[in-house]
Every structure is written in structure tokens, then in C-alpha cells.
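Listed after this line are the structures, all set down as C-alpha cells.
Each of the next two complexes has chain A plus one other chain: chain B in the first, chain C in the second.
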Partner chain A sequence: MANKILGHFLRSRPSMMMFKRWESSEPEKRVTIHDPFYSQPQKNKETYLEVVKMFEGRDNRRRGHVEFIYAALARMKEFGVQKDLEVYKALVEVLPKGKFIPKNIFQAEFMHYPKQQQCAVDLLEQMEDNKVMPDTEMEQMLLNIFGARGIPLRKFWRMMYWMPKFRNLSPWYLPEQLPNDTTELAKLAIQRITSVDPDTKIEIWQTEEIEASLDKTWVVSAQSEAQKILLAEQPTDDPLVVKGPFNIYLREQVVNYFLLIGKIRPEIKDNTDPDDVSNIEKPRGIPGLIGTTTLPAVRQTVHEQDDGTIVSVCATGTSSRDSLLSWIRLLEKYGNPQLSSIPVIFTLTAPPSEMAIQETQPAIKDSQEKEESRI
Partner chain B sequence: MNLARKVCTVHHSYVTKNLYRKFRFSAINYDNSTATQPQVKEEKFNFEDINILERTERRKAQIQPFMKDIFTSVFNKELLAYPEILNKEETESLDKRIDIISNVFQNPQKTAADRRNVLKNAKIYAAPISLTKNGLAANITESLRYLEVIAGDFQLGQEISDHWVALRALQEGLTQEQLSMIIDDLASGDKPVSLAIKERVAERISQADFRTSAEMDSQGVWYISGEKVCNYSNGYILVLASYESAQLRAFLVHPGAAGVSSNGAFISFMRTPATPLEMIKDDKLAKILGLSRLFAAVLCRCRLSAAVQSVVEYTRPRAFSGKPLAELTTIQSCVGNAVLDIYASESAEYFTAGLLDGYADPDAEVEVAMCRNFIAKHGLTSMLQLLNIPALDKEEECKQLLDNMRHVATRGETLDSVNMFIALNGIHHAGKVMSEEVKQIRNPLMHPAFIFKKVIANRHQEKDDPKLTLYLAEHLHPSLKQPSEQLEYCVLRMRFACETLMARHGVKIAAAYTELNRLAEAATEILVMSAVLARASRAYCIGLRNSEMEMKLAACFVEKTRDRVKKLIKEIDDGEYLNLDHFTTQFGRKALDSNATNPTLVEKATARVFW
Partner chain C sequence: MALCKLNTFINVIRHNTPNPILCKSLTKTNSVGYCKPLLVGSQRWLFHESSRKGGYETEHKISNFQHLKNGFKELKDELKLFKEEVKELIITDPLLVARPGETDMIWCFNEPSKLESFTTTCDSDHNEGFSKCSFDMSSAGRGLFHGYLDTRVPKDGRIKKAGYCAMRSKRVRKSFKRAGTYDWHLYNTLVLKIRGDGRSYLLNISCEGFYDITWNDIYHYVLYTRGGPYWQIAKIPFSKFVLGSKGRLQDKQTRFRFDRVTHFGISCGDKIVGNFDLEIEYIGLEFDPTHNEEFAYEMYKTDKYIVGV
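And then the complex of A and B:
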């Protein structure tokens, strides 16, 4: 039973608490609930902070501040401020200073003002979930409110130990603010994928360049010099394959990308005994002569993976088959003339949901292109 | 942990000898090898012209390759006598000729044309050609003496060293008819031969490392196409090219041949007709072309000497706090270090030349490469230290000296590629000797008894304190006992180092570049130490002027170098994690991979994560 009550309490949305409080008052005296957040015409940081200011100014004693903070926390996403440290600080500022600091060891030990402390911890928790790093000013504010022995302070210190550790753990750097432009976002995604070869060049093309294209969109395509050569050396009778879409996540954003895959060269076969050192190869010894006169015909580069040689990567604005076809044409136009004589197969496992409209487009007419979409 | 390596049987044939040694009966066992070695004498007569006799070569019978043996800790003590190649008459005529040349080269009033003329008149351009063909039949030792003087003129020094190497190759590679047609032209010095071997590093993954190719047309004429690094192209050019995709052969391009175009340090051939050097095999060609390394070492050393001279000239008239500037001990020690390098390099060069001239069918490619690498490595550092003294006062001269040094130190090939050549040759030789042992070490569970033996046998090596069983001191002047023991320590560590490397990497040792670099450097230092000790001991024993200074130089050099070798071999033994190779390569890799998204390895020192 106790569990049930606790569960119910935990599941209840914090924003509702404020209304519950009014609801519990006498039913005949019920008034219209005034939700200051709801009544804001524009939902942005300024209006959010305005509401917080309004709450602070309304009542000296700041009655109901815990409920207000919970309600405010719940509305953050709506206002798009869940990643803003300043807003969290403004909410912490709502709590009164000095009152919650324990005065003796008993207060300190038995959680002085538990509801308020829990509220502050929840606020910090939400910051952590949103990967917002607090700063030293926040520490000072919490110190002024809860004192050095408060639970929120402990939470704060723990956060300050772990969050900097995790913050830059990913080897792929992303800017603080992800760009809103999808092209830029796709560029970041492709940059991340192609970081295996630092020589890779990323190009942004418009499909308008190809007259036959139906889909007028952008293509972010990446190819390194090594990949160009690998593509040029592909056998002309074996088709290349366009595979995708695959997902890549940039924080909360997802980008679809496609691969152009070719045949691989054979694996290096080395049957010599690794323990037999009786005849280690030595160089010829002619000064200035290094290396060999011929190239090995085996797997050498990072682009040659077990399932094929990746000769190019792209993301397009619509991820449609037509835009991918334009991508192939653009690749051909910019430095891969070989593509005109190699057939390309499209094996798109399932078109992304937003592509449903494009499915009704007429099939692409091209004698050299075969399409195999397994939908 | 390589448990396996710890067990080995040590085969010492001279256990009984050691007993004598303990009781100071060493003279009984002193094997005077020179007395027992057969002397091979070759005399050639040219019956067409009986007035001119071909030069007599006094070569001893073939010996085991000296430095390759050191990789297995075998030391040919006979060589501690330091080679004496030239006899009285030869030395006198050599000195006479050198006097003539040096008079011109040391005279600042003479022009470059004068210097070239004196070389032509003294038949220096024809030095390696036999007497019967109007040459000097100079051996390597003599060539080095000539080159030391000629190196005063940097350009001329490089030109003539290439010319000599090419002449040797042509004499071996061309048929008698072909040679007789051009020999006079070559000997005159008007059209010196330059070498064109090195190529640009491949710029695409689809390019081979070596791209110049030769093909024969239906009339039997060879044509070459490709691009080469070549500094001088005013005469003949000896070009290395591949044919039938994998074979290599040298070709001679005549002056004014079609399709040759020069572009700075590069020269390109477009279907240029060329004469192939058909009579010479690959390994012989490598040996002859390898000589250019020895000449490069001499050129390098002479550049360093020039820098010392320049610093002396700068320091002498100047003063500091009312005292001559030369009294500053920092300057003295800096110059002293450079002199030490020069002495060491000179010893090693003549030692190697002695190996090449004194024995039948010499196998001294590795030694030649070592000479070059020693002075190229230490010369550059010493040069920078030296030029720190005049610093800004002699800006132009310093720049010139440094640039010349850099040029000659990286001439034709880089330090690393030569190091690789040295190490792989050594490892190849050591691998042959130790293959059985390495196989057992790498499969310890199959050979448990061997492993225990190895553990016991290697216990001193593991403690970095091998038992000195070579007794090199017996072959040197007694006052060099301590340095000779230091050399002995280094030599004995080499086998352990090779064993460690092969046990760790197996056949893949050829790709462990950083480790091989260390091994090559250690071996190089050992050659130089041996040469220095042998030279000083010989000088002191025969009572040369200033020989006590040589003894001090030798002792100092060995003392300093021993620590270097000790450190290098310790690092090999430690492996990539303790010697930090694993990490340094990682940092380097990161820096090499840096691009727009990851421009730097680390953030700025002022960067913060939170405020």
C-alpha cells in the first residue's frame, strides 16, 4: 500500500501539484486556475524569465515556491530553455536565502526542509539530464540557501566531478549549439563518419545541377583522393551498390546517410611461419632507393572493409532515390568519370517515413541504372 | 614478459683460455692473426704497354662481415689493429698530389675554375680508373684523403664524389668496347657523371614508390622515362630504372641526350636513349652505389670542420669582460664536442675504407652506411651548437654552413631509411644465426628445458650486467682497458637486443621501425667506438704526434657513447610501453590526422569547461 502511494506520488506530474493544491481547497470556492506559463503569448526565454520574476514579485514570502519550481521545470521544454543555465539559476534564486540552513547537528543530520531540498536536487537532476553544466555562482547560491551540509550541495559537487569528465568524452567534437540548418547538420554528420581518413573532402552540391533531377535538394557528399582512385579501379562489369539509409546521431538529432560500395581487393595472404626468422627480408641497399617498383594488389586502405570498398558517403536533403541518383551523377561530374560506365544498384532497405511522398514519383529512366528497392 | 628468452645455452669455445687469462698468462693465447692470415696478392700486367704496370693490390683473405657479426656479439679482434692500407711509396705520392691540390683549394684568391682545373690536371677526375687507362687507380682510402681536401669547395666535393661512384659502376657495368669509347671523356672531367637514383615520394596510393622505367625497342635501344632527384646535370647522368616491372638496372645517359629536362632539383626523362650497365649484378651495383654514403660522410665531416674553423676565427679576436672570449669554458667545451665528433667520424671512415681496401671481396655496406649516419646525425646537432656561438654576428655565413650541412646530411636519402637498411641487414644476419633459438623462444611450452636454460643464461643480461668475455683489452694499449671494457659491454648487449626484438616480433620485426631505428643507432655507435679505440691505440703504440690527445679523445668518446648505447638497448628491452613509443606514435598520428574538425591535439592552456 505504501509503495502504491509512493508510486502514485512519484508518477504524478510535478506541474499538477500546483493545481492539486488549489483543488484541495474548498470546492465551492474554486476559482479559475491561473497558469502564468500558459497565458504567455510567446514561448521563449524572455517570457519564461518574466514569469519567474512575476512570481518573485507577487509575494514577499514567496508562498508555494516549491510547487512553482516544479511547474516551471516541467514547462522548460515548451519554452525551449531546458539547456539554459541562466534559467536554472533564476529558478534557484526563487528559493529564500538563509531559512533552510541548518542551525544544529540534528537539523543537519535529519534533512532540514526535506521538500525544499528535494526540489533543489530535482532541479539539479534535470540540469544533468539536459547536460547543462552548473558553474561556481550556482554553488554559491546553493550554499546561501541550503548551507554547506545541504543535500543539493552534495548533488552539485558530484555533478561537478562527473560532468566535466563526460562532457568531452566523445572523440568527435560537436559545437555547443547544433546548427539549425539541415545542410550544416548533415555536413557535421558526414564529417564525423569520414574522420577515418583525414584526407576526405566534403562537398555540398545542389541537385539542380543535374537537369534530369526531379528532387531539387542538396547533397552533402564526401570522398577522399584514395577513394577516388579505388573507384577508378573498380571493375566495370561489376555493379556498385548504394546502401542505406543508415542513421547517425548528433546529440538528439538524427541524420540519414548512404554509402556507395564497390568490390574489395583480396585479403593479404601470408602463409609464412611468423616464428621463422632465418630469412628476414632486407632492403637492396642502393642509396635513395626505397620501396618497390610495383604496387601490391591486396587490401591496403581503411576504405576497404569486409563488406565492400566504401568509395563515397553522402546525405541528401530528402534521402529520396532520385536525390541519390543525382548524387551519383554529381560524383561522375566532379572527378569520377568512371561512374558513367559502371552500373549502380540501389538497395535502399526501407525509405524513411518522410519519403513516402516521393515514392509515388515515376521510376527513373536510365539504361545503365538498375533499381532494386526492397520495400 | 618474454620468459622464453631467458634460457639459452652459451657456447664458448674458449673456456680453457679464460682460465689462462685469470692467471695472467694471456700472452700464451694471444693469437696473432695477421701472421697466420694468408696474403692474397693480385698482379695484373698490361702487355701492350709494358712501361705502365697495373697497381698491385695487397688484400688479405676474406673475413666475416665485421658489423653484421656484432649484431650477434661476435667481435673480430684483428680489426682492433686499425687497418694500414698504404705503403711508403703510395703515401708519398699521395701526399705530393694532395699538396698540389690543397695549395689551390686553401688559397682564397683562386676561383672555382682554378680549383676545377687543378683537379683535372692532377687526374683526380680519373682517380678510380686503372693506371693502364690513364687513371690513378686510387683505392677508397686515397679517395677519402683527396675528398677531404676537395670538400673545401662544397659544390665540387659533391660533384666529384658522385663522379667517382659512377665511374666505379661504369667500369664494372659497361663492356670493354663501350667503356673504351667514353673513358677519355669521363676521365677528362669536362663532363662529370652525376647520380640520379632518388625519386619523389609517391603522391597517390596508385603510384609505385619507384617509377622510372626503361624499355627496349625493336632495334635494341633502351629508352628511359621518369623523374629523378638530381642536383647537377651538366654532363653524363647515371640513372637507376626498372625494367620488366620488377628488375632494376643502371643506365648511362649521355650529355645532350633527347628528352632530358631539368627543373630545379628534379630532372625528368621522356623516352631518353640510354646505355644499360648490363655486366653488373644488383648486389654489386648496390655495393658500389653505397660508396656514395662514405663520401657523403666525408663531406659532412668537412662541413663540421669548416664550422669549427669559422667559430675559431670568430672567437679569437673577441673579448668578454676584459678577457679573451676563447677563455670561456662553455665555448671551449662546445668546440671540444664538435672536435670529438669529427675525430670519431674520421676514425670510422678510414676504418671502413680499410675494410673495403684491405680484404678480398669485402662485405662492408653496413659499415659504410653507419659512417654516413653517424656524422649526419651528430654533425647536425654539433653544428647547431657551434653556430650558437657567433649567433647573429655572422648571420649569412652561419646560414650557409647550416644549409650545406643539412643538404649533405639528407643528400640522396634520409637518416631513417639508412637506419632501416643498417638494422635490417643486421637483423637478417642475426636471424640466420639465431633462428633456431628464436623459434624455441617464441614457442616456450614446446621447449621447457630450453626455457630454463635460457633464463639462467640470460640472467646477467636481464640485470644489464653481461659478463665481459671478449677480452678486447688484450688487443689494445693497456691504458685503454676501461674504455675497451665499455665497448665490450656494448658489443655483448647487441645479441641480447637482437634476440629480444626477434622474440618479440618474429618475422614482423621488419615493420617495427622505431625499435629498428634504435638498434641501428646502437650498432652505429659501436662501430665508431671500435674505430676510435683502434685508431687511438695504434697512434699511441707507434708514437704519433699528439697521440696522448688521441687517447683522451678516445676515452672520452667511448665513455659518452657507452651511455647512449646502454640507454638505446635498455629501451629496446623495455618495449614500446616503457620507452613511450606507443604514446609518441599516438600523438604523432593524431597530429598527422588533424583536420578542420580536430585542428589541435589539445585545447589551449586558457580553455575552461565551466565557469
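And then the complex of A and C:
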């Protein structure tokens, strides 16, 4: 009997029970989505805050504030405000004060208003992902909303414990705001690469100085005195090699750089026995006292890596072959006359401008299934 | 026919009244393929962990007979290993002091066979993202951990974030497939000779224990790379490593047990989309007598039931 009733219940048309209220004869009158973020003509911080203000002013009871905050968090990148603490504060301000504070131990223990607490935690997490550090004002706001026993407060305190510890940990300092100018960015990158040798001089040249150049662009080139000497000592019959482009990341910015690499000097093998006293040589000299003060001829420098001697590092505006040719000519002009007699080989992979990054998401499951079915 | 109706009914419920209890009971009663989207949101079982892999099992199931056959094949090598172990126990005296300032290499990637002690994983392995990575020999003859990090999230409605690549050493073991641990108690500094691309990487030291509560304990620290063609030597004291479980930093921090290390790994997940290259010459250990810090992170006394909950 019960089965019969249930079967009848299930067999009756669901549209009769559920859809009737929403159905309309005219399709234009059906429910549409209102998205205040979408309708903004300009996407910037002012308009973003305007939408938040609009939501606050629309309804005293602020119905749907959790949904609004989630929608607003998802739109942050679009408006370019994902790194702005003020905007996050404005979103926290949307939550009502006092209502979510637990009043007894049971409420405190069993997560009072879980949706709202989770929403605030997700907001804090997005701040963390975007490397935005909260401040004490934010703490006060969260205390007023959730009370000292709230989960968002715990998240906040954890953030305030860890984030300052890791904020300035990197041994290679980068300014808060990376420069927009590509030349300045390339200079920062080359500075970072050549920080191994404090003697390195970084120079910015224009390729227009070379008459034969086709690309009119800039070259950021770095060379130290030691590298100049190493280049001068290169054998003239063995070619130097220009290698690249290699990537260096400055936060999310990528800079392409190129290397001029020479041969490694032959290792000098010292087979003399230091304990053999039968034939003691006169010491070569103690600087300032006796003998000559020149340093020994072979000296292991940092530039002599095991895959070649790095003679110079550069980044150019276009990363093209022609601009690299101009770089070699400019190196020759400024202090490396030997380059006119040493051949240089360019072993470059395809210029980076010809690379394409796949934009669309490859379908994961469907394509695999299709392939399997074909097999 | 009735099933069909039931499904439309479920759809109605899904769209109009998101009642989780009802949805769950309904999914139990019908066995149609698309009960899956009803269970939106990740479900966590917080009482215990059922497997060390945490649901990412990739092992092939083989029959008991096949298992037995494989076991017999490996018996000879295992016995050899056991013989070596006994020999070592009798002959060698344990090392009591590490030479200060000298680096003892654990892994030196100078030939292709040395790379086999590491495995790589990335999110595309389990259809959870689009990153790719591998650990090969570089043109300079060193280990090269490289790939493409992609933070795009697959549109399956389940995954919120994506983008990681990782390499991890294989579990150290004794004869007869007994799990062993690295004993690093003589040392206090991790030394890496690397050549990176300016990105920051994460060093992971796993200390899995017997109980499931420790299976996901990994001690982390950041490895900053300079970038460029010059090699750099990074020395990181053990005291700096912070405890995380499943990637979340824990409130109650301790330094790791130096004699209970099970895995060492490096991962790349800095949310920057693009290619990454990390060339590694060696990973070693050093005893630095001037470093007498026990643990780098101070702990505070808080109200009851705030920390560790």
C-alpha cells in the first residue's frame, strides 16, 4: 500500500508541484541575475567600493551578505584590488556587528553561525594568498563581529604570527612594487644574477650607437674587471658562445637573459711534494715586503663555472639575434677590444616572441575517454 | 520509468532546496550514475586516516599468487641486503661526531642512476590541475627539476586551487621491505648546491611515524634561489623548519626528530604561472658548531582551547 502511494506520488508530474510558481507565460519576465559588479563601466577600486556601499545601503538587514562577500571576493582580480587591504576591510565591514558573538560556552564550542565564520576565514585566506598582511584595525573589526572565540580570529592571529616572519626572508631584496619600465626591471634582474661578484658594473647601452644595427633598443650588460681579464685571456682560435634565452623570475615578472661563455682555463697540476726539502725555491714574494706583488697567474674566480667561463651577462629590449649582435659590438667598443679577433657563435633557441602559450584549458576526462574508445 | 521520475525529482530538490540530509538519503536509495553532483563540497573523515596515501593510491592490484611469485624473485636480493646489514652491524663502529664544517652528501646527482632515488608528482597526475614536471639530467650533467607550473583550476566543481610540482625521495628501507628512517642526528644544517631561476621553492622533510596522526607531518622551509648561471650553496639549519600537516602550518610547533626522517623533497608551488628550472648538484648535511639555536620559533601562552583546535 505504502509503495503504491509513494509510486503515485513520484509519478505525478513534478512541474505541477514545484515549477508552477516560477513559470511564466512570457520568457522575458523570468528571473534574471542582477550583478552589480558586471554593470560597472569602469573596473577600479572606486567602483568596487561603490558596489559594496550600494549593498550596505540597500537593505537594513543586509540579507545575503555571505553570498555577496563570496561574489565580491571572486571579482577582486577583475577590478585589480586583490592586493588592497582597504578593500578587504570594506568587505569585513559588511558583516553585522554583535550578532555572531557567542553568548554561552555551547555556542562558542559548536561554531556559532558557521556559514558566516567560514566566509570570514575564506576572506582571510584570500588575503594570505595575495600576500596582504592584516593590521590591528582588522583585528578590532573581527573582534566586534565574531568575538574572541571566533574561528576567524584564530586565523587572523595565525596570520599575524607567521606572515611577518616570512615577509622579508628572501636574501635578494626586491622593492614592494616592481618597476613598470622594462629597462629598470632588466637592470634589477641582472643585478640579482651578478650579485655573486660585487665588483660587477652594470651598464645600459643603446644599440643605436652601432651603425649596422637593425633593432633600435636597449641593452643591459654586466661585466666585472675579473671578467674583462678572463675575456682578454681567451684563446683567439676558440669561439665564444652566446647562450640563451634563460629565464629569471622577479616575483611574477620574467626577464630573459643571455650569457657570453668562453672556455675554461686548463687546470694547473701541482705535482711537487711539499715535504720535499731537497730543492727549496725562493718564495715568489710576500706583497709589500719582498719579491713581486703580482698575484699568481691562475686564480679560481666565481665566473669560472664547470660548464664554461661566464664572460658577460646581458638582457636586451627585444631579445632578438640582431640586438645580441649589437651587444657583442658594444662590449667590444667599451673595454673588450679582443672581441674583434675572437669568433662568436650564437646558439640561441627560438626567440621568445615566437613562443605561444596554450590559452584554452585542455579537456581532461572527455578526451581521454575518447582516446580509449578509439583504441 | 519510476527511476527517471525520481531523478527529475532529485534535480528539482538540487536546484531549489539545498537540503543536505535529504540529498544524502536520496543518493543512497537510487543507484543512477549521476548521484555524484549532489555531494557538492569535500567530505572529510576526521576520525582516522585509512591509508598513508590519503586516497591517492596508484598501485596495481595483483593476485595473491602473483604476489607470491614476485616475492620469491626478490628473496635473493633481500637476503643479500640482509647479509650486508649484519656485516655492517658487526664490523662498523657507529659514527659519534660529525666533522665540523665538512659536508656529507646524501644525494649527489652526477649520473643518471642517482636520479632514480627521487619521484616526481604534480597535480595533473590525479587530474587535479595542469602542471607538469620531471627530474632529469641537465646539459651540465646535474639533476634538473623542471616543468611548467599552471594555476588553472579544472572545472570539475570540486577543486578550489591548483598548481604544484614536487619531487620526493623514495622511502628508505631495510632488508625484507622493512621501512627505515634516515638518521641525521649528528648534523644540524642542510646544505644544497643549486642553480635556480629566481623562484622560491619549498623544502620538505617528512617524519612519518607509526600512528596515522603523524602520517602527514612535513617540516617545511623556503629555498630562495638567486637565478642566473652561478651556482649557489644554501645552508639551512634544521631549527628553522616549521611543522605543517597536509600543508597547513600547525599552532604547536616543534623541531623535527633528526633520527626519524623518512622523506626529503623539494616542491614548487609559488602561484607563478610559467616554466621553472632548478638544477641541483648535491644535497648534503653539515654539522655547524657555531649554530646553537634549538628551535627558531617562539611559542606563546594563550587562553585555553584557542591553540591547536
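Rule of thumb we're sticking to: the second predicted complex is superposed on the first by the 287 of 375 C-alpha atoms of A that agree within 3 Å, B and C clash if a C-alpha of one lies under 4 Å from a C-alpha of the other, contacts with A are read in each partner's own complex, and residues count from 1 in each chain.
Basically, contacts are C-beta pairs under 8 Å (C-beta built on N, C-alpha and C of every residue); 3 or more make two chains touch, one makes a residue touch a chain.
Here the structure is a predicted model, which means the values were calculated and not measured.
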First, second, both or neither for A:302, with chain B first and chain C second: second
Which of chain B and chain C A:212 touches, first, second, both or neither: neither
First, second, both or neither for A:54, with chain B first and chain C second: neither
Touching partner for A:158 - first (chain B), second (chain C), both, neither: second
First, second, both or neither for A:129, with chain B first and chain C second: second
Which superposed partner A:204 touches (first chain B, second chain C, both, neither): neither
Contacts of A:310 with chain B and chain C, given as first, second, both or neither: second
Chain B versus chain C as contact partner of A:172, first or second or both or neither: both
Which of chain B and chain C A:249 touches, first, second, both or neither: second
Overlap of chain C and chain B interfaces on chain A (superposed complexes): 172, 192, 195
Chain B - residues contacting chain A, complex: 195, 197-198, 202, 204-211, 213, 229, 240, 242, 245-246, 248, 282-283, 285-287, 289-290, 292-293, 365, 369, 412-413, 417-418, 420-421, 424-425, 427-428, 431-432, 434-435, 438-439, 442-443, 502, 506-510, 592-598, 609-611
Interface residues, chain A side, partner chain B - complex: 133-137, 160, 163-164, 167-168, 172-173, 191-192, 195, 198, 225-226, 229, 232-233, 272-295, 300-301
Chain C to chain A touching residues, read off their complex: 2, 5-6, 8-9, 12, 16, 127, 130, 139-140, 152, 154-156, 197-200, 222, 224, 226-232, 249, 251, 271-275, 277, 297, 303, 306, 309
Of chain A, residues touching chain C in the complex: 7, 10-11, 14, 18-19, 129, 148-149, 154, 158, 162, 165-166, 169-172, 189, 192-196, 246-252, 254, 257, 259, 302, 305-307, 310, 313, 361-362, 364-365
